[in-house]
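After this come two complexes, each holding subunit A, first together with subunit B and then together with subunit C.
For the complex of A and B:
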């Protein structure tokens, strides 16, 4: 069902949810558990597989490493086992908020086609040139990455293997060639569009079902209810 | 030369700084939208779109450093030199939005800060260094070296922008000098890789299509390469 919500409503709902998560005081641990339960239910309900959730969490690994260092380098290392209490709170703060943020973004990414994301950004009044650049990105990302893959296959067929910085000139030359090819493709695409009457605007279909805003709003509204609960409990 | 510690996730910066960086980035991008029309007119969108795809693909390519580790290009300075600072800003911003919305890479609340650090600061610093330096060198080799210096400096500049944001609204209790030293040190190393790759890529493009390199416009380098077969009658 989430696949049929209007993309604009999903972008706003997920962004609002993440902002609510980030503004929550880190001491309200139960509140974060509430967010995680709500988000988990929605993720499973729309059919995002746990493997995909795990894969997106891998993106945060560098920051997990940073967060785990905080209890060791934080001020006043007098807490449990010589760890800094302030550092442990900071580590928890970053880990829980970053994880909820990544999972919320995964909910959006997993239920929205790239072309619908463009329509959503257009409905949200992103400037037309940015929408157009985004559209061309979506249209040509596979063409250019396949072109690069063919160049790499050709390099490897000639015995090239990238193992040390000595391979950088070869890799960078390939990148330079890729830029020239991409730019020249852009010139050809432009001429082809102009010949069909292009004036700088691209038609982007508006996707999504009517009345999707109230449904999409359920995610941030649930988060707000949980936040209010945490606020009452903190008194 | 790696996105480690570059795509800020959610929870690193507090809400006031997140909102402030959103507002600043939006204002600068609005200016870039106006200025980029002057640079490329109605060709802007297709050329910038394809350049964004190029930067996105370039970031995926692993450059082996040795001992099993590798890094990759960030591309802010490279984009500025190839297509100009305004279009470059739009290009890197679209790449960051794609990564945040379609790949969950980089926090949604930190998108303003990520755009400011990587799409604005890195491209502006890379552009200024290149345009200032390219006057004092001769030939394609000299321009490539200046491009390398621009790529190198763009990385610590971007990291320092993060340090300023952290100083105003960071959530971790690590002293500012420690963060500045760690970010500065790591990013000087990362910048070396970024600089070498940026210089090599610019050299390659200058060798075949110098006329499309925005950064050498108005210099003697911008003339198209005339291939003998192209003038044979």
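For the complex of A and C:
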């Protein structure tokens, strides 16, 4: 069902959820567990497999590495087991918020096609040039990457192997050529656009089932309720 | 004359003359091939027909109307320009959005109906929700034609429509094009494709029209072909009176 919610409602719901998570004080550990349970239920309900959740969490590995350092280098390293208590809080803060954020983004990505994401952004009145850039990116990322792959094959077909920094000039020249070709393609696409009456606006129809907004709102509203519970408990 | 060019001159910004003095008239319903060697100015001429380029001297009239800033928008609706590379033409994420692009810009009525009819006209019904990069090259070429057919243009201008197509796709495209009730100007190097579809040919070379007459007579005249650097495929000899 989440696949049929209007893209705009999903984008707003996920963004609101992430904002609520980020604004929650790091000491409210039970509140974060509540968020995780709600998000986990929704993810499983829309059919996102745990394996996919784990794969998406790989994204935050650089932040995890940074966070794990904090208890070692934080101030006053005389706390628990020779680690900095303040550093541990900072690490927890980064880890839990980043994980919930990444999983929320996974929820959006798993239920929304890139095309619909653009339609949603347009429905949310994102500036037209940005919508156009996203639209063309989705359309041409394959075309340009195919071009790059053909170029690499052509290089390798004549014995080129990128093994040392000495091969960097060749790679850089290839990327430069790709840029020029893409730029020229951009000019041709613009000609094709104006030939069909383009006046700066891309028509993207908004799709989605009725009552999308109340359904989508269930995620951030649940988070708000949990936040309110945490706030009451902290008194 | 639904298209008329009157002493058109166009010089590129770097000083290269593309069209030196071109006059040409095309009547409603005609199918005309525009032939000539590489760099002869064929594509430049095609871009004049929907006002993407404007003549520096001379005039371009489409459906009796001079192409100016005031008329260019309507001209572009009447003249469907199909570019050589379908990846340039198909810029939207799905086929349906791309075919609907023109009609939505012009606020034409019944956009979904137009999309369906245009896709059916090129034999691509049912492909509306597919992404252009998932189609074969021949399918993309046909969808590119649908993107302008959905605007109901009276005139179709095609840049190298048969290039890079396998023989079956080329035949399918020829069938699609012969079934269309429009005036057609086709820029091409494919002389047999021109012979199959266009009774009349115009040869552009060095920015001037060098020949304007029946396609079959041109292709049967080895001397003329050699003069314009045009060549039939190996082993093909045409009888000027046949067909």
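In the analysis below, the second predicted complex is superposed on the first by the 235 of 235 C-alpha atoms of A that agree within 3 Å, B and C clash if a C-alpha of one lies under 4 Å from a C-alpha of the other, contacts with A are read in each partner's own complex, and residues count from 1 in each chain.
Quick note on the criterion: a contact is a pair of C-beta atoms (placed from the backbone, for glycine too) under 8 Å apart; a residue touches a chain by one contact, two chains touch by 3 or more.
What you see is a predicted model; the values in this text were computed from it and never measured.
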item: Superposition on subunit A - do subunit B and subunit C clash or fit; value: fit
item: Partner chain in contact with A:231 - subunit B first, subunit C second, else both or neither; value: neither
item: Broader residue contact with subunit A after superposition on the shared chain, subunit B or subunit C; value: B
item: Touched partner set for A:136, first subunit B, second subunit C, both or neither; value: both
item: First (subunit B), second (subunit C), both or neither touched by A:203; value: second
item: First, second, both or neither for A:193, with subunit B first and subunit C second; value: both
item: Apex subunit A: angle to the C-alpha centres of subunit B and subunit C, given in degrees as a multiple of 10; value: 70
item: Partner chain(s) touched by A:185 [first = subunit B, second = subunit C, both, neither]; value: both
item: Contacts of A:160 with subunit B and subunit C, given as first, second, both or neither; value: neither
item: Smallest distance from any CA atom of subunit C to any CA atom of subunit B, in Å, after fitting; value: 8
item: On subunit A, the residue positions that both subunit B and subunit C contact, one per complex; value: 114, 135-136, 139-140, 143, 185, 189, 193-194, 198-199, 202
item: Subunit C residues within the subunit A interface of the complex; value: 47, 50, 52, 73, 76-77, 81, 83, 85, 87-94, 97, 100-102, 104-106, 132-133, 147-148, 151
item: Subunit A residues within the subunit B interface of the complex; value: 11, 14-15, 18-19, 21-23, 26, 56, 59-60, 62-63, 66-67, 70, 73-75, 84, 86-87, 90-91, 93-98, 100-106, 108-109, 112, 114, 117, 121, 127, 129-130, 132-137, 139-141, 143-145, 148, 162-165, 167-169, 171-173, 175-180, 182-187, 189-190, 193-194, 198-200, 202
item: In the complex with subunit A, residue positions of subunit B that touch it; value: 4-5, 7, 9-12, 14-15, 18, 29-30, 33, 36-37, 42-54, 56-58, 60-66, 73, 82, 90-91, 93-95, 97-98, 100-105, 107-109, 171-174, 178, 196-197, 200-205, 207-209, 212
item: Residue ranges of subunit A in contact with subunit C within the complex; value: 114-115, 118, 135-136, 138-140, 142-143, 185, 188-189, 191-199, 202-205
